[in-house]
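Got a structure here, written out as structure tokens. Questions coming.
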Amino acid sequence: MTLALEIKGLQAWYGESHILHDMNLSVAQGEVVTLLGRNGAGRTTTLRAIMGLTGRRSGSIKINGIETIALPTHRIAHFGIGYCPEERAIFSSLSAEENLMLPPTLTAGGMSVDEIYQMFPNLEERRSSQGTRLSGGEQQMLAVARILRTGAKLLLLDEISEGLAPVIVQALSRMISTLKAKGYTIVMVEQNFRFAAPLADRFYVIEHGHVVAQFNANELSTKTDELNELLGV
Amino acid sequence: MEIFGIPLAAFLGQLLLGLVNGSFYAMLSLGLAVIFGLLNVINFAHGALYMMGAFLAWMGLQYFGISYWVMLLLAPLMIALFGMVIERSMLRWLYQLDHLYGLLLTFGITLIIEGVFRSFYGVSGQPFAVPPQLAGATDLGFMMLPIYRAWVVVASLVVCLATWFVIEKTRLGAYLRAGTENPRMVEAFGINVPLMVTLTYGFGVALAAFAGVLAAPVLQVSPLMGSNLIVTIFAVVVIGGMGSILGSIVTGLALGVIEGLTKVFYPELSSTVVFIIMAIVLLVRPAGLFGREK
Amino acid sequence: MSRKLGYTAVLLGLLIAPFALYPVLLMKILCFALFACAFNLLIGFTGLLSFGHAAFFGGAAYITGHALKMWGLPFELGILIGTLFAALVGWVIGGLAIRRQGIYFTMITLALAQMLFFVFLQAPFTGGEDGLQSIPRGYLLGVIDLRNDLTMYYVVLAIMVLSFALIVRVIHSPFGQVLKAVRENEPRATSLGYEVARYKLLAFVLSAALAGLAGSVKAVVLGFGTLTDVHWSMSGLVVLMTLVGGMGTLFGPVLGAIIIIALENKLGDVGAWLAQVTAVEWFNTLGESVTMITGLIFVICVLAFRRGIIGELAARIR
């Protein structure tokens, strides 16, 4: 079965800054993979590079077996990828509902608006409010909800638990479990190890723009020392 | 009957003319603001493209016998196409650079367009007859209402409000608003933002060309009609701020009316009153009446 | 050492130039060179694009012309009054424009200059469409007869050299360094404690004053002042000269002025030659198509040649 995502020898720049050096990772269909690492390691840049949002890129990024390294950003989304950026990127000139409806439907099988409002009743309540008037937690839910609507089955989630109240983080955790059960493929960047650990199948540790370690979920207990050293916690 | 010493009919006549000019100000500043919002470029060529719209209407009638009504649709389409070619071939290379290069490029394009038209038609105006269906005036009792001028105001308002509706209330407008705010994110959702940019430029200049066709029977069709107008449009845009569509429309109309009234009461000030207002607004409310500091 | 040599060579060249070339043309070039250098002070070194510099150039021309012709003032006083007028207008326009950043600043300078254009258009003393004619040259300091073109040339050259030296001095001074900081990163300059608005205004007034000086001298040299001098096309022309020569370089604007004026003068001949060579009749009208050619050069420069001639050369040498 083709890998959902296969990255080989990826290099990426922002202008003159060379951020990713020889990045290699792969994600199977239905897997949940977490990218760990210190700030500035290149985890967010990896997600952005997949979407074509960095400067120059070289190497290979295959999505469902198809090479996308040379494609412009707006074509990459059509491979069924949903990207939820670290800054959430809720549009202030749109209402909450307009934000939700903005991304075009990429393939069939996405959640319907009703299903989304069932999962996130707050969003229905606040749907006419200006996008940025929502609370941090609501904006995060909106950012995830809008890509669920599109039918994207490969989700790139960047720090979705950051800065949120524990009760909301739990709700997000449940949501990811549900999506995982439905067969979604998810790549998460997470600082919050306790959030990521129970959800992920595999972990990559990234440092200075390339992978320095990877391990499975069941190796976690044996690797805690190594992890602590790598993450400098 | 008199208002401040001016006969009512003459007063209302000037007011109407002010509304007519205000309609042009509104449409042109609207197009300029829409283009600036998404492209971050001040399209100096807006005046020249407005002039081209008027000239196309005139040439259509003069050389091909195409009626005003057809040109009202055809000229904006042709100018939209022309504008999209400009955007694709030249403007898009400058987006990564300082904003001033976009202004300088469109300034250069303005000179080229005007130079070409001047070399063929000189600087004097060509007359353009009011289309027969809109000729004449109706007697309202307190004034004679020239039908064509009423048509200009109504048509402009309809187009401006339609633009406002599309941008603020529709899905397509949501793409534009979101793209103005964060174009890379909109691209990440799968929307072809570069194409949207091109189409937006085309639409903005089509508005200018539409205004040009409307203007042809009122003003004289001359190669200089655009450059006379564009600097005033800049002042309108600074006064209104480019933050809101309705703001641009209201500011344009209001300034046209104020200019018209100034012509009645203080004619010597009429060519500078818009700039004086701009100076006052800059002192009191620098971001513009409806603007958000960008 | 080589720089001093270069300067001396140029100066020598300028001293003997009127024996090889038409002095009035040379003086015109010198005036526009100063105009462009003054403009460059703002765009090249402070990062502010003013699209209304014609107001200072042409405005000072009118004021000086009027002072010399109607009030009978001597040359040096007339020039001084013109320059002061330009400084004052610069203070007003600059003060208003600085309230907005970036492209808004540019639009405001254009709009306010246009307002001044209309004022001059309507004011009776300017002669409107006909222009202000027959401006007398008079005497410098009461003794030097400026009606002699050669004498006038050396006076103009002295003024230009001194002004250029002033500009160089300003650029290399601490004040000039702050301007460059403002151009590079305005927020950082503010955070360092500089009152950025005051520096911008000062630079603007200085630029306006020098542009006014250029305009005043030009009015006396050519003997007339016209609406063209205050029209926004003149503002555009000085932008073009600076762009072609090289924004932010010392000599770029000078070179740009030489090229553009030479082009304007020779365009008719170039057109005639092109018409001969290509048998396309329309080229004969090229002389009247200055606007179009100017626009074409603008477009080409902005797309492919942003650093200008001196800028490109400097980049190659490095």
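Letters A, B and C mark the chains in the order given here, with residues in each chain numbered from 1 onward.
The rule is short, and it goes like this: a residue touches a chain if its C-beta (ideal position, glycine included) is under 8 Å from a C-beta of that chain, and two chains touch if they have at least 3 such contacts.
This structure is a prediction, so every number in the text was calculated from the model and none was measured.
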Chain whose Cα mean lies nearest the overall Cα mean: B
Farthest chain relative to subunit B (centres taken as mean CA coordinates): A
Most contacted chain pair (by C-beta pair count): B-C
Centre-to-centre distance between subunit C and subunit A (centres being mean Cα positions), rounded to whole Å: 56
Length of the line joining the C-alpha centres of subunit A and subunit B, rounded to whole Å: 44
Geometric centre distance via CA averages, subunit C-subunit B, whole Å: 32
Touching residues (chain side subunit B, partner subunit C) in the complex: 36, 42, 90, 93-94, 97, 99-101, 103-105, 107-116, 118-119, 227, 231-232, 234-235, 237-238, 268, 271-272, 275-276, 278-279, 282-283, 286
Complex contact set, residues of subunit B against subunit A: 171, 174-175, 177-178, 180-182, 184-194
For the subunit C and subunit B complex, residues of the former touching the latter: 49, 51, 96-97, 99-100, 102-104, 106-108, 110-112, 114-115, 118-119, 121-122, 232, 236, 239, 243, 285, 288-299, 301-303, 306
Residues on subunit A engaged by subunit B in the complex (per definition of touch): 51, 53, 72-78, 83, 85, 89, 91-94, 98, 101-104, 106, 150
